[in-house]
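Across the two complexes that follow, chain A remains constant while its partner is chain B and subsequently chain C.
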Partner chain A sequence: MPNYKFMPNHTFTRACAALAMSLVCGASLAAEKKLTVGVADALTGGGAVYGLPQANAVKMAADEINVAGGIKVGPDVYKIDVIAYDDKANPTEATNAVRKLIDRDGVKYILGFCCSGSTSAVASFIRNEKAVMLVGNAAERSITTAKIPNLVRTRPPADYSGQAAGTFIARKGQKRIAVLGALDVGFYAQYVDSVERELKKAGGEIIAREIFSLKDRDMSPQLTKIRGLNPDAILVVGYVEPAAFVYRQAVELGMNIPRYGFTSGSEEQFLRVTTSEQMEGVWDLRPTELTLLSASKNGVAYHANYTKIFNASPSPSSPYAYDQLYALKAAVEAAGTVDNTEAVAKALRTIPVPPQVVMQYQPVDGKMFDSNGQAYTSNGAFQWQKGKWVFVEDLPSDSKAYSQFLSTLN
Partner chain B sequence: MLIEILQQTINGLAIGGVYVLIALGLTTVFGILGIAHFAHGSVSMSGGYLTYFLVTAQGLPLLAAIPAALAAGFLLGVLVEMLAYRPVRHANHINAFIVALGLTMMVEGINLQLFGHEQVVIPTGLNRVFRLGGITVPELRLYVIIAAILLVVAMMIFVERTKTGQAIRAVAENRDAAILMGVNVKTIPLIVFGMSTALGVAAGIMVGALFAIAPGIGEGLVVKGFAVLILGGLGSFPGAILGGTVLGITESIAAGFISSGYKDVIAFVVMIIVLLIRPQGLLGRAP
Partner chain C sequence: MKRSLSFLPWLLALIVLAMLPELLPVKYYLHLSILALIWVIVAQGQNLIQGFTGYVSIVQAGFMGIGAYGSALLSLNLQWPLWATVAMAPVITALFALLTGYPSLRVKGHYFAIVTLAFNLIIVIVLVHYSELTKGEAGISNIPKPWGGSREAFYYLALVLASALTLLAALIARSRVGEILLAIRQNEDLVAAVGIAAWKYKLFAFVVSAMYAGLGGALYAHFQGFINPEIFGVAQSLDAILAVILGGAGTIAGPAIGAFLVVFLPELLRFADSFRLILYGLILVLATIFMPIGIVGIARSGFARMTGRGGQHGG
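Entry: the complex of A and B
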């Protein structure tokens, strides 16, 4: 029998060494694969109270995922790199930021999006791009009624929370409510409309709708007018900073009536403008979001890590962006690709709620996002008590019924 | 109804006081030197930021921080005149205009770099509320109104009763005659800019305490300041006082009785109506 020598011994040794080298190199190549995600958000200006914490939250999630081994796609492991651009909550700036991310940086996954005007501008063209858009805090309903296949949103629309808020206010027995807010912003108006519908069912009404703009800081004329109408309560809907001035100036005008709000500001953000005494008793009726008393284990850990890294408390809405990245990770791993954005977008609508998320989602048919690309969280009633937002109770919210309603809209 | 009108008047007086101080600074510079000092709002806000810094970061009491900021404001005004406007004083008017715009951008940029993009509120601890019948007057607003009145009175006394004030008025009336009378016309612009900026800083502190200071606030305020100037009459001190007060109260009453959404629009409509009837402004001199 011929003695086949497959190869000489020294050659065999070299081949083994080469194979080992190639394996090592292969492993290191896999480890070095990078998935760049973009963030378009308000990092400066009035919207920065929401946008900057969102951008921070995405970076924090990326670091956590990288430390935990990255995103696994077949044999490859992707480490996440984040590029963040400031859209100043401005539609034109947001369009430019996203165009830059897609065209120049080659980014396929874009996160952030705290504010409705800028988000709607990007949503209007994202359908035509090979990219996936994950919307955070922007609450305008129409963002997820356009049936854009490559867009999902972690925050529920404003009127989903407004409905629950209206029921809560009616239950408190207040009949004549005066509204002061950024009512020229669509989603705030939608929230108030939902509140009004629920109030009417209980025999209540909205007796005034006064407006302030994002840059307004003196709301005493509107409050004086409202005071003259003797309402049972006021409802303040708007960004944190002007809302904080409303709460402060209402006290200065001697308005000793219940104050309800829809603002999602942290204690720190409010205390830059008002005192704790001026805030005492104020209600915030909103998605449960991040408040330590209502937070899950993930929420508590998120709060601690964020505070440690950024030396500031996270805003209650910032986990919407944090959760985006974990949802994206789950979808990419489920789709088994980073390049096929269509497959990843489809996967987003099929994944269950990932275990790492912070917000308390109410899945529809077991899925994090419904067929509209919309996720739902629970709503809660929070009250300012002795310097802190205290979670008082859950507000009744039916995510499945709302999801069906949303599907009927265009 | 009467109570609401009185309350809106009180509300408007505080912001009117801020407009008066801004407009007085602008009218002094414009009336005497003929410069439309667009950077005035941004420079004023720097004083507000400085006060915030002295109180929060340096732990200075507010009553010590305010004079320090006013003094710094005076010096800043002197520097602005020396470094920015003096070199273009004899050039075409467009040069001073461009310098003013450039200065606005520069000061806004410096404020942004030093103090960040977030709004800041100067802590005062003045949270009491005084009640008189159905009218409420927050302690802070009351002090702002009183401080504005005191500053206006001090300014009027300075201009009317002191030798330097007389020299300033002389230069405003007839520069050549003032030179012949031995007035040192080189130092007058320095004093005017110093005073004007100190008044602006006072307004910046008031805005920072009552509301908030943030990028862009100064630019908005200077637009209102020029509106007051036109409403009251260009170069007229009493006009600036009357114009600022009228604008503040009009804004407040318009927001309360017509619509808060048209607060600014209504105020400017009033200005246009006044100018249609009196093109020279409420207290301006007819050409």
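Entry: the complex of A and C
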């Protein structure tokens, strides 16, 4: 069992391991080649709650693929090596990290990308590079409306989930919804806009849009204002930590109304801020990401392996990055090359969903990624019950219709 | 050093910088060098108000943002030629600086720093929330790049502009205006007592400083091809201050050296993984405590000690 708490640069360890292996195996390693993939993600700072688990997930997938024999391209077998750099979810840092991966390290395949601002910065120039970019958790819609041929994304855009969430809230009978969230972040605003459209169809409305920022911890002013409006429910959209403070402080202020959210945080991440009692009954309406109760066989195995290796539960969104590597493996094998990035990028848009992935994708015309380079998962309603996120039901989501809609956007 | 020979280090630096694209085996370092040259412009501007006038402004990145968004929006929405938009960026920034500088410069010391900090926050808030124009946090993509995005060509553009603006800063520093700015830094009350309207000179330094930042922002936008409000936050304004302190406040060479440090140091520390920012912070704290006169100040002291002569200010 490899002992790797996440350490992005294992150069020395790898060098020692490679030396030892070559001494033991001698000539048998001569035919083996190395495919280096890069990860650019938020390993520190506020975005690290998403970025660090993603980077860990890529390393775990690489190790699994290597143990299973690597990537087979014709007569060659490629073992995967991972280099990960921190982009702090900052556009300039992300550009620097990716430039380093491409220019200095010679990397052709770059994975990770949890956060929208930094991802958009890289997406703006990746078209001109002989490289393929696989985006994970970053949910800003415009990332896949630019029709960049060498970019694909495993996570569906936020408004795809917002539409399903709006239908669910309307069906629950709540009419007057107050929103509190990181509404200055584009994709959260897009999610709320979609919710509002669906609410209006059912005669409902959003009565308040209050904002918190990533670093805010005291939400009582916004909550006090919302309480005065007497809403039927609140909807919380944002990063895990500030959202957790909202849930906690809503209880502390005596707001006994349904709480809906769009956060994708793990139990462990929420419990750093709130108690399980304060979280009881909270809904998370999001892509059907990883929770043990919603997980497939692959998901259960992923959860167990990740927990064992990293001594922490995986965040629900981390498999987006894990799945990237399996999609890349399938595309490289389909294209029959690792050097021709154009062929691999094309192959990514033609492969079916690989059997090893964790998320439950909804293929469009039998393909994992549509012509925009976008993959779709089902959406689900999860509820916090006795210390755990419990998968309650699937939310209606039409990936093909959304894909067509996405194709019409610039 | 005799004045006739004082240009030699500059000439040597220019020759090395001019040859850099040929010397660098990896284009990633060229990318960082372009960013560093943009930061040289921003830091030289910061030095005018902070180093020479003695007013610590925490809005330099906000002004970069105004220049960047101004140039990008003129290019994309009004289809202005790229060179015209870059030239307009400092003008637009100067207008904002005039509006903000007049009330800001009525206060001194920490109060001035706090007022400018507030302006930077306001600029970011406007950039985030006026999304009809700025596209908010999602940012603006596909900003035109000159010469088809050639990094070598952009490098020389940045080098020419950084050199020209460094020369301009030196000319300002050695002019009567520069002497008055230094006098304001030393004793503003005394400057007022001899009948000089100090506020005019302070406003001049603040506006010119902002123009430098505006031009730097426009260059950044057309180099990267993408901007969003995150890039122009207070953290980046602190980087501009650090560039001046690390290099040497109130000198001409200092901000140039400091700019390269704030760009290259975090990148060179990537080997330290998650300890990178801790290490970076530690280096900055130690440098500020033990090198308050900056690298140029220390080099001058060392040179003066060796030759038995005092250092010369403003060079």
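We take it that the second predicted complex is superposed on the first by the 379 of 410 C-alpha atoms of A that agree within 3 Å, B and C clash if a C-alpha of one lies under 4 Å from a C-alpha of the other, contacts with A are read in each partner's own complex, and residues count from 1 in each chain.
Just so we're on the same page, a contact is a pair of C-beta atoms (placed from the backbone, for glycine too) under 8 Å apart; a residue touches a chain by one contact, two chains touch by 3 or more.
Computed from a predicted structure; not experimentally measured.
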For A:Gln374, is the partner it touches chain B (first), chain C (second), both, or none of the two (neither)?
neither
Tell me the contact category for A:Thr95 with respect to chain B and chain C: first, second, both or neither.
second
So, does A:Thr44 touch the first partner chain B, the second partner chain C, both, or neither?
both
Does the superposition put A:Ser116 against chain B (first), chain C (second), both, or neither?
second
Figure out whether A:Leu253 sits in contact with chain B (first) or chain C (second), or with both, or with neither.
first
Of the partners chain B and chain C, which touch A:Asp184 in the superposed model: first, second, both, neither?
both
Just to be sure I read the superposition right, which of the two partners does A:Tyr85 touch: chain B = first, chain C = second, or both, or neither?
second
Quick check for you: in the superposed arrangement, does A:Thr275 touch first (chain B), second (chain C), both or neither?
first
Chain A contact set shared between chain B and chain C covers 43-44, 184
In the complex, the residues of chain B that touch chain A are 1, 3-4, 7-8, 11-12, 15, 117-121, 127, 129, 131, 136, 138, 141, 210-212, 215-217, 220, 251-257, 259-261, 263
In their complex, what parts of chain A are in touch with chain C?
7-9, 43-44, 85-86, 88, 90-93, 95-96, 99-100, 102-104, 116-117, 120-121, 123-125, 128, 140, 142, 146, 184-187, 189
Along chain C, where are the residues that touch chain A in the complex?
26-29, 31-32, 35, 128-129, 131, 135-139, 141-143, 149, 224-228, 230-231, 266-267, 270-271, 273-274, 276-277
Give the list of chain A residues in touch with chain B in this complex.
43-45, 48-49, 184, 210-212, 215, 217-222, 224-225, 227-228, 241, 245, 249, 251-254, 272-273, 275, 277-278
